[in-house]
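Next up, some structures in structure tokens.
Same chain, two partners: chain A is paired with chain B first, then with chain C.
After this line comes the complex of A and B, so read on.
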């Protein structure tokens, strides 16, 4: 019962525990990477954050599909909130990726880093999602347009990834890979802890944001009823 | 009427309207040639033909954008879309017809742009023509759906480029790849894949975008 009423609190504390644990393990327990040394540890934040962003976009598209399928209004808010979280984690990915590029290669931006370029494209795409929402009157049509656009997003992710890989053929003739030796067991464990942490954090933020938006909507309805 | 009968009737309406009003097509033709002239001055004199090939694709995408912003202008100004949605035809027929007319205008603009490009910059080969044709399908398919979305918003002309350009990046990659790469086949294949995926998606989702 307590768990059901305080899901947000439970999620948030789990996320805090997992992230604190994961980051401490990443800093103090995992051995240094052979090639990159200490700085490779940003991997334990950067990659989970990126995967979480994908998960959020996927979740948003799933809710969008449900909206088009069932025409239930609540999916609109859920899809929007998921995309919102996805954009926040996407920006974090860009920032952490940029820091990593600076440490590894001495530049803040590298067009050779596929994931980073993909996140830039996705950032532009989903920023337009917000523009679309804010410049359309609320109503069933806006809900469905946003849903269709969110669905385009999940198709765009693999297509853009393929495009960026193909583009390296003529923009960057020399493809450099960062995949060094196989990940050691301890590294993989810490990575999983961090991934669980960021996913739970996204879940907590999603639940919280959704709750706030629902309260807002109910308040507005109440005000309109009283006026 | 059959599905394709509806599509043909709707597309004929768009082309007839354009023939009478001459709103969009002359603007697109003039725009694409002006862009190519601007590119001549934007490129340093010793830059290669490859750079010009890349800029041709920028010109094509922006010309398409110009046509797409006008695609639903008549429908919006005359409140025609409500009537079309009420008509007893499949809504996706509206998308297909509009996409076909957008594509027709784009093809005419390119019929001017490609010879102009060959004259100003570099020769045009069959691969480039094939890439342009494939890219047109994708641009018209996605662009028509997004233009219908933008027409329903307050920002309208402002919104369409923002919605369209991130989705056009793969088209640019495929097109430029087919223009400059040694082996263009896989870039053409990629363009065809893009067309297929997004045409199906747009065809299936158009109904949700136009109905209230």
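After this line comes the complex of A and C, so read on.
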């Protein structure tokens, strides 16, 4: 019962524990990468954050599909909140990736890398979601338009994810192949802890943001009733 | 501290900074919601005093679960 009523608190506490543990292990326990040395440690935050951004956009698209399928209004707010979280994690992916690129490749950005450009396209696509949403009057039309847009964007996720494998002559490393993760067991363990931490953090932010938006909406209804 | 260590630390600090910024923005939002609740409660109390709104024993709790 307590867990049901305090989902945001439980998720935030779990996320804090997992991230603190994961980051500590990444800095003080895992060995240096043979190829990249100490700088490879960005992997433990950059990749989980990127996968979390994909997960948020995917969750937003799923909620959009539910809206179009059932016409239940609550899915509109849920889809919007998920896209909102996805954009936050998208910013983090771009910034941490850019820092990693600076250490490894000597440049902050490479326009020749399909993986990077496709992620930027995905990020800009979902950033435009807000412009579309706020340029339309609230109501069923806006809900449907937002849902269709969120669904279109999800098509870019597998393209962005697979781009690195489809690209020729890439410099972006491929860690996860058909043969499994190409790293030591300790590295993969820390990666999993950090991924669980970022996914839980996204869940906590999503739950709290959604709660805030629902309270906001309820207050507006109450204001109209009292007016 | 080597250059690589500085960049790696910067990457982790950026993530921390964004999360903290989000918490600050959310704190402002909560403060705004609290002001709204206070204003509406005051308005409801005024209406009740003037007899426009009937007394209610207990308000329905807000839906918080998904």
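We take it that the second predicted complex is superposed on the first by the 200 of 227 C-alpha atoms of A that agree within 3 Å, B and C clash if a C-alpha of one lies under 4 Å from a C-alpha of the other, contacts with A are read in each partner's own complex, and residues count from 1 in each chain.
By our rule, a residue touches a chain if its C-beta (ideal position, glycine included) is under 8 Å from a C-beta of that chain, and two chains touch if they have at least 3 such contacts.
Computed from a prediction, not measured in an experiment: that's the story for all the values here.
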{"item": "Chain B versus chain C as contact partner of A:100, first or second or both or neither", "value": "second"}
{"item": "Touched partner set for A:151, first chain B, second chain C, both or neither", "value": "first"}
{"item": "Which superposed partner A:91 touches (first chain B, second chain C, both, neither)", "value": "second"}
{"item": "Touched partner set for A:132, first chain B, second chain C, both or neither", "value": "first"}
{"item": "Touching partner for A:42 - first (chain B), second (chain C), both, neither", "value": "second"}
{"item": "Chain A residues within the chain C interface of the complex", "value": "4-5, 7, 23, 37-39, 41-42, 45-46, 49, 78, 88, 91-92, 95-96, 99-100, 102-103, 201, 205, 207-212, 214-216, 218-219, 222-223, 226"}
{"item": "Complex interface listing, chain B residues touching chain A", "value": "142, 145, 149, 152-155, 158-159, 162-163, 165-167, 169-170, 173-174, 176-177, 180-181, 186-187, 190, 193-194, 197-198, 201, 205, 208-209, 211-212"}
{"item": "Of all residues in chain C, those that touch chain A in their complex", "value": "2-5, 7-8, 10-12, 14-15, 18-19, 22, 26, 29-30, 33, 36-37, 40, 43-44, 47, 53, 62-66"}
{"item": "For the chain A and chain B complex, residues of the former touching the latter", "value": "68, 121-122, 124-125, 127-128, 131-132, 135-137, 139-141, 144-145, 147-149, 151-152, 155-156, 159-160, 162-164, 166-167, 169-170"}
